[in-house]
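Paired with chain B in one complex and with chain C in the other, chain A is shared by the two complexes that follow.
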Partner chain A sequence: MDHYKSVHPLKYYQDYLIHDLRPDGRSISKFRNIAMNVDSITTANGSAVVRVGNTCVVCGIKAELGPPRTEEPENGFLLINVDLPSLCSSQFRPGPPSDKAQVLTAFVNNIALQCGIIELKSLCIQADKLVWTLYCDIICINYDGAVADACFTSLIGALLSVSLPKVEYNNETNVISVNEETKISLNVLCKPIATSFAIFNEKTILVDPCEEEELLSSGMFCIVISDNELCSIHKPGGNVLEEEQIKKCISKAKERTVLIYELIQATTFKQKLL
Partner chain B sequence: MEIEENENTEEIVNTDVLKCELNTLSRADGSSILCQNNTVMAAAVYGPVEVKQHKMLIDKAYIEIVFRPKCGLSQIGDRLLESIIGKICENAILSTFYPRTAIYIIVQEMQNSGAALACSINAACLALIHAGIGMNFLFAAVTSKIYFKQSNFIILNNNIYLEFKEFTRKQIKEYEKTFNNNYYFDLFKKNRYCLFIGTQFNINNFNELVKIQVLNSNYESCFIIFSRYNIHKKKRVPNVNINYNLFN
Partner chain C sequence: MPVDSFRVTAPFNTTDYRVYSKKQNELPKTVQKERHDGRQSNEHRPIVMKIGILSQAKGSAYVEYQNTKVICSVFDPREIPNKSEYSVNGGLYCEFKFASFSTQKRRGFIRDAEEREYSVHLRRALEPAVIRHQFSNFQVDIYVLVLENDGSCLAAAISCANLALANACVPMHDLVTAVSLGLFGEHEIIDPTYSEERSCLSKPYVNQAEQGQGIITVSYMKIFQQITEIVHCGIMHSSSINHYIEKLIAENEKIYNLCRQCLVGNILVHLREKKETEAA
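Our next item is the complex of A and B:
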């Protein structure tokens, strides 16, 4: 069976998919389990670890004080970086970030900016002088497909767990005083959650694909939903989809987003009790 | 069958400047400059040419897209554009016709005042046509912007809102939530691939929204783009046979 798989991977998959089954035992429309842990990195201001099946992603948030840009004196910075190191999959070579990592970084940044995950003005301490910069580093530990889903979930989880010290800025003396005892948490305005789909062929759309399925399919697409609002349907290339198929996928993504919200709420709530 | 440009098409063109030129570069196998409103993109196609050993694919052509910004080095935002254009081209080009070769598509940003993605996609398609590379289908993209106020929404193609008659610019500014989307089409099958990039809008609106408004307006705009392809086809690219009666 292993030889068959390596010689004719596509045929091998097709044989399974005819029976509405995948080699890992899931049906075509079944999601993998998601697990989440919040605030596990104590040296970061906020962090979250998310597992979607075998895919594992860590998001750490580091806050730094700095001057704002002159064009936007009241806006802080939210800088998101997605790293797919060579550790996580054989697809990636060591060296500068791969195209996939750069594309994912641009995508996550775009969505975060357009949805307005947090109000950038709320990161301001003193206009034109001092603002918070949040460096959100998302690192993939194990790449087994649907990394966008894990990235968004971990980003939201980490942002919810951020606690910043209270900082005061004296305008006359230009002295910064940091009060480590009073902690401020961020006000997360919306929680965009991505759901990945792989287009295997015109009729078959695989929900929550693993790495093999991603590589064999003709294209991927990603639906981002935040609080019952559709943020984005990102579908570059792949087979042609009918509107009905997209609608079905949207309703699936919607159901899953509700589940992920419950998960985020449960984990952050549990963390607060500790 | 070719569609004649009727009065109706002319009307739409008046609000939206669309100019293109093929054969702009002498060394490239195919080249084009496309101007949509104030956004100008130049595209060049080199191929099928020799491929580097480690990039060679034995059953199909290796396709590489390079997006060059106006100045400076390309950044991660440009990588996103590259990947989108690249994935569309991979599907559109009959790459199995050119095994063990490479096709390079270079898109150079000349001037950007919005809708860069749509303009680059269209410029790339024009350059591919000019290069005479075998294609499964042609593609075109349109960017439009949707403004919402409660359940009422208006959809305007990029940049047109300045001239939009019923709404003044100030009124439009009141519509806080905007939704950008880029569509690209597969014209031969009249099917559509779509890509939306944008901020939130209510899921309940999605059905009526997509069906009634966006598609109609975008089909029209795509139609204009392709009627332009047609004009150029007559002049310079006699080998590519394009069927235009799909909108009837």
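Our next item is the complex of A and C:
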């Protein structure tokens, strides 16, 4: 069986998919399990570890102080980087970030800033002088498909767990004083969650693909939903899809987003109880 | 500051807020007999070891010393890139990386000097244990990521990489383990935490020539009774080195037993699973 798989990987998959099954035992429209853990890294201001099946992603947020841009004196900075190190898969080589990592970074950043994931003005301490800069670094530990889903979930989880100290800025003396005893949490305004699909062929769309399925498919697409509203559909290439198929996928993504919200709420609530 | 065009960076330099903190994170200038986490001076922190946790890597391991968390993955041998002549011995390519949020002060994505230094120590500690002539002209990639650094991260990384190599079925003579020892005057502390490491390295302690200050990390192979790498920074009296190394070797033997237990446990689980699937 293993030889058949390595010689004819596409045919091997097709034989499974005819029976509405995948080699890992899931049906075509079944998602993998998601697990989440919040605030497990003490050196970060907020952190989350998310597992989608075998895919594993860690998001850590460090807050630092700095001056704002002159054009936007009241806006803080939310800087999101997605790192796909060579640790996570053999398809990435050591060196500067791969194209995949840069595309994913741009994708997550665009959506986070356009949706207004947090109010950038709430990161202001003193206009034109001092604002918070939140470095959100998402590191992939195991790359087994649907990384965008894990990235968004971990980002939201980490943002919800952020606690910042109270900072005062004296306008006359320019002295900054930090009080680490009082903790301020962030107000997360919207929670965009991505759901990945793989276009295997014109008729079959695989939900929540693993890495193997991603490589065999003609293309991927990603639907981002926030609070029952559509944020973005990202479909770089792949087969042509019909309207009906996309509608079906959107409703599937909506159902899953509700489940992920429940997961996020349960984990962050549990963390607060501890 | 080098400009990183591959990533999203802040337009201005930012500073850690702890610099302005009212509650000054003053480091204790001395190391007391009572350690701040209530441990004895020769007591190692509790260790968590797990292997085979990453599906994409050939072998992987996770090691946790309370707040020090290290993950490592090892991949299949591949041809040594940019090499024209034949090399009899295969190579080990080690990459040691701190996650940007792993330390108090944020770290950049680009590897800095400290990470490069640790990569070299890691390679030199592991090389003697690997039977390298079995994969001539090929190299095994070892990637270590420190998720959180609370001291002794090099020691944790060496033990972790060793477990990952064993998990990846790379031929090896023996298991390599490593332990750190912090020196501060008359105090010798096994497995120092980050704040203890900082105080041990704070300023040379030259008053008493017989006592030293600094950190020693020793990696050791138990069956061969050989030391693969010693990393020392700080000062110590030349006559006391044997005493320190004996102490570290004794501690290494304890960790060796844990590593073996972890590997054997993993094999037993696999055998049981295999039996169950055959029965079914």
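Methods note: the second predicted complex is superposed on the first by the 274 of 274 C-alpha atoms of A that agree within 3 Å, B and C clash if a C-alpha of one lies under 4 Å from a C-alpha of the other, contacts with A are read in each partner's own complex, and residues count from 1 in each chain.
Basically, a contact is a pair of C-beta atoms (placed from the backbone, for glycine too) under 8 Å apart; a residue touches a chain by one contact, two chains touch by 3 or more.
Fair warning: this is a prediction, and the values are worked out from it, not measured in the lab.
Colleague: Given the touch rule stated above, what does A:Thr42 touch, chain B (first), chain C (second), both, or neither?
Modeller: second
Colleague: Which partner does A:Ser218 contact after superposing on A: first (chain B), second (chain C), both, neither?
Modeller: Once the two structures are laid over each other on A, A:Ser218 reaches chain B alone.
Colleague: In the superposed arrangement, does A:His234 touch chain B (first), chain C (second), both or neither?
Modeller: A:His234: touches chain B, not chain C.
Colleague: Applying the document's definition of touch, where does A:Gln102 land relative to chain B and chain C: first, second, both, or neither?
Modeller: So A:Gln102 meets both chain B and chain C here.
Colleague: When both complexes are superposed, which of chain B and chain C contacts more residues belonging to chain A?
Modeller: Touched residues of chain A are more numerous for C.
Colleague: Considering only the touch criterion stated at the top, classify A:Val58 as touching first (chain B), second (chain C), both, or neither.
Modeller: A:Val58 sits against chain C, while chain B stays out of touch.
Colleague: Identify the partner contact of A:Pro9: answer first if only chain B is touched, second if only chain C is, both if each is, neither if none is.
Modeller: A:Pro9 sits against neither chain B nor chain C.
Colleague: Going by the contact definition given at the top, which residues of chain A touch chain B in one complex and chain C in the other?
Modeller: Common interface on chain A, chain B vs chain C: 102, 105, 109.
Colleague: Report the residues of chain A in contact with chain C in the complex, numbered from low to high.
Modeller: Chain A reaches chain C through residues 41-44, 47, 54, 56, 58, 60-67, 69, 77, 79-81, 83, 85-90, 94, 96-97, 101-102, 105, 109, 133, 135, 137, 139, 141-144, 165, 167, 176-181, 211.
Colleague: Name, in rising order, each residue of chain B that touches chain A in their complex.
Modeller: Residue positions touching the partner: 76-77, 79-80, 82-84, 86-88, 90-91, 186, 189, 191-203, 206-207, 210-211.
Colleague: Which of the residues in chain A end up touching chain B in this complex?
Modeller: 99, 102-103, 105-107, 109-110, 114-116, 190, 218-219, 225-243, 246-247, 250, 254
Colleague: Which residues, counting only chain C, touch chain A once they are in their complex?
Modeller: Touching chain A from chain C are residues 6-18, 20-23, 53-57, 67, 69, 71-73, 75-76, 93, 95, 97, 99-104, 106, 109, 141, 143-145, 147-150.
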